[in-house]
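Quick one: the structure is below, and I'll ask about it shortly.
Should a chain be cited, it is by its letter among A, B and C, assigned in written order, with residues numbered from 1 in that chain.
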Amino acid sequence: MALLETRRLTAFYGDFQALFGVDVALDAGETVAIIGANGAGKSTLLRSISGVLANGADQVLFEGRPVGALPAPEIVALGIAMVPEGRRLFPSLSVEENLLIGRYGRAVAGAWSLEGVYDLFPILKERRRNPGTALSGGQQQMVAIGRALMSNPRVLLCDEISLGLAPVVIKDIYAAFPRIRAAGASIVIVEQDIGQALKVADRVYCMMEGRITLSGRPSEIGRDDIHAAYFGTKTP
Amino acid sequence: MAVEALQSFRVETRTRLSSAFLVVAIAVLAIGFAAPLFSSRVVIQDLFFILTMLVLAQCWNLLAGFAGLVSVGQQAFVGFGAYTMFAAVILLGLDPLVGIVLAGLLAALLTVPTGFFVFRLQGAYFAIGTWVIAEVARLSFAQWKALGGGTGTSLPSGATRDMFGVRWIADLFGWRASQATDVLCYWLALALAAATILFIHRLLRSRQGLGLAAVRDNQEAARAVGVDPRWMKSTVYLLAGLVSGVTGALIYVQKARISPDAAFSVTDWTAYVIFIVVIGGIGTIEGPIVGVIVFFVLRNVLADYGSWYLLILGLIGILVMLVAPRGLWGLFTDRTGIQLFPVRRMLTGASTTKTITGGTHG
Amino acid sequence: MMWLDTIVQGILLGGLYALFAAGLSLVFGIMRLVNLAHGDLIVLAAFLILVLVTALGLNPFVAALVAIPVMFALGFALQYLVLNRTLGPDILPPLLVTFGLSIVIQNALLERFSADSRRVSAGALETASLQLGPINIGTMPLLTFLSAIAVIVGLNLIFYRTSLGRAFRATSDDRVTAGLMGIRPDRIFAIATGLAMVVVTIAALYLGTRANFDPTIGPARLVYAFEAVIIGGLGSFWGTLAGGIIIGVAQTAGASINPEWQILAGHIAFLLVLLARPRGLFPRAVD
């Protein structure tokens, strides 16, 4: 049984349907990447899983339990933490407070604590008294990841963490992922940077227009397949 | 083909029903004008009360419902207008009717300094800012000893009897002067209500009215398309002040006795008015009309219950805001689609009319 | 030395206004909600204390301690069940609902307690005073002022030193992301309003013991509180204290010239500050 899976997941923004029956699965210990063009529904998928958007209860299963209709705070309590798109640090909180608030809804013992996060991203310790928003983009992204880790999640959802960052900074941030995996979190990353996604993921899903168009192991899928699944230029 | 389809559309604000309603409205006005001929003095006084509250409600609705300016301080202009009229009669010996005109002009002038202060505040703080201004006005007028200070004063006896037109009406219909005064006040209130509604209707249908809706819905976007939100809001604030001042003066010609606490009463001139608009339906011209009728009925039914009356009124207001935020008239239009004073623009022609008319503003 | 006495008495009065204002400031800072029934809730709490004192024979301070959890629960329920439904981009619903609530509370109190003036007796404390050089300081005004400082220190500690305070600030910044942290915004708002009602009860204790009150005086307290908050700058508790002191000193100074000018002088001070510093004296950097 998968740790986390979606079954025929549909999602709407008012009258607008953004997801049309999406099936993805994440096994324990796995890292899965979801790629696709802008507006393909990747972020909507993460927002649905994390409870920001409400869905049908049995459209999202966590350890076989229906959780699709639960609001975000209850999802966090179950151990699914999200690094939201655009980082979304709290401007009124310092770096350290931003990290601490990650434990608000789920304060469990585990690999991640303030020390653990500072060890992972040492620069944050130096800047822990600064307001979160006074940091560079890459440092802000580290805070956002650290904040999600503070709840010692079983599943970490990362939405577009490389967006707007310089390649060297992206490399730094992804360098932390092996340790995050080693500490026991299963990971879903949403990426537009296909190269980066293929590098860290065990499996890849490609989305287009609210549907999954391709899935498989990075080693098994070729560039042409991805191109087709990404842009729909040719029938797979 | 696309071009042809486009040409078959027309932008309209009128509906067939609203045209029919125009005839009815004129008939209602005519009956209203003739009412003193076949109604008792008590009925005329009730109608005067209803009409003046309706005017205040339309003003507040223009501010809050159309311009997004939630004022809790319109009593400043009601009281100021009333005191201006009293000052004109008592200190200058002018005719009360001249006093009413002066009240409107000076109330409009007063909006300049008060607007200067309250427009520094946003949203909810604007609301309490207007209240502070009204309190300052109340406390200041309580210091004006020539007009009775804190205890207030009365119009000199005979001032309203000698008012322009009263004798003429009394002679024509064979009424006593006091009754003729009531009727004259009533006619003025009727004219004021009709003019206010007509004017607001025209305003909302005009280019400026569109700008107003744009400002309310999104100030930044409105600015981007060339609507100056400050200018629009200031204009509405000035107009509402002017009309409230005139109404205040008119109400106090009829009352003939004034005190700062009554003339600047937040309950009488703002709380009641807000309930009328909220219960009837905020953001529509019909809403205050429905609201004032409901308010009047409630007032009469609950008149003997003292503070229970206001308590129940408050509860109804809260309930309406939570359950049906667009009020009774909103519920009615949702069910029937009927609009008597249509102000929204509708695209007609082709076959898409039905889908486009629904819910253009929220 | 008259002027010095006037200023000292004004500062002490400012403590009372800061107590009126702190709850308003707290709620506005977190959820951008202006509760127009705030003044009436203070009066309601004063009547609750009065009932506890007269019916159970409690000391007013003990009565306030008993009233605090009751008022917290009332605030929590009010926010959770009613006011949370009104929050949104449109400012009309919260304003109109709290305005309606103000009318309801006033008239319910009138119905139950009549329009008579009341006072909570604080015994010998009422007349006790300290002689500091040339100035005579009433014990109750001094206690009020010290309580205001204690409340503001306490609120600052909660806001900046506790997990709850972080949740307050985070929710105020970004409700959706706060949800992703496991924060339930509707519950946070309810706790905030409950906390504001705790402050309201402390304010009510001094309102009721220092002067006469009746069911209709709430709106005026709301206006003083509001003026203190605006003068201080939105979101700063110490600023709120400064705002309260400015209103208090202005009122005492006005009253020393002519007793009828007390309230007017406070309002005029407010308008002058608004003229010079539209964002208040201590505006928060992040707004």
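To be clear about the criterion, contacts are C-beta pairs under 8 Å (C-beta built on N, C-alpha and C of every residue); 3 or more make two chains touch, one makes a residue touch a chain.
Note that this is a predicted model, so its numbers are computed, not measured.
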Chain nearest the overall Cα centroid: C
Centroid comparison with chain C (C-alpha atoms), farthest chain: A
Euclidean distance of C-alpha centroids - chain B vs chain C, Å: 34
Centroid distance [mean C-alpha coordinates] between chain C and chain A, Å: 44
Cα-centroid distance, chain A relative to chain B, in whole angstrom: 55
Parts of chain A lying in touch with chain C, wherever the complex brings them together: 50-52, 71-73, 76-77, 81-82, 84, 88, 90-93, 97, 100-102, 104-106, 131, 147, 151
In the complex with chain B, residue positions of chain C that touch it: 28, 32-34, 36, 82, 85-86, 91-97, 99-104, 106-108, 110-111, 219-220, 222-223, 226-227, 230, 260-261, 263-264, 267-268, 270-271, 274-275, 278
Complex interface listing, chain B residues touching chain C: 64, 68, 70, 72, 117, 120-121, 123-125, 127-129, 131-132, 135-136, 139-140, 142-143, 150, 266-267, 271, 274-275, 278, 282, 306-311, 313-315, 317-318, 321-322, 325
Chain C residues within the chain A interface of the complex: 163, 166-167, 169-170, 172-174, 176-184, 286
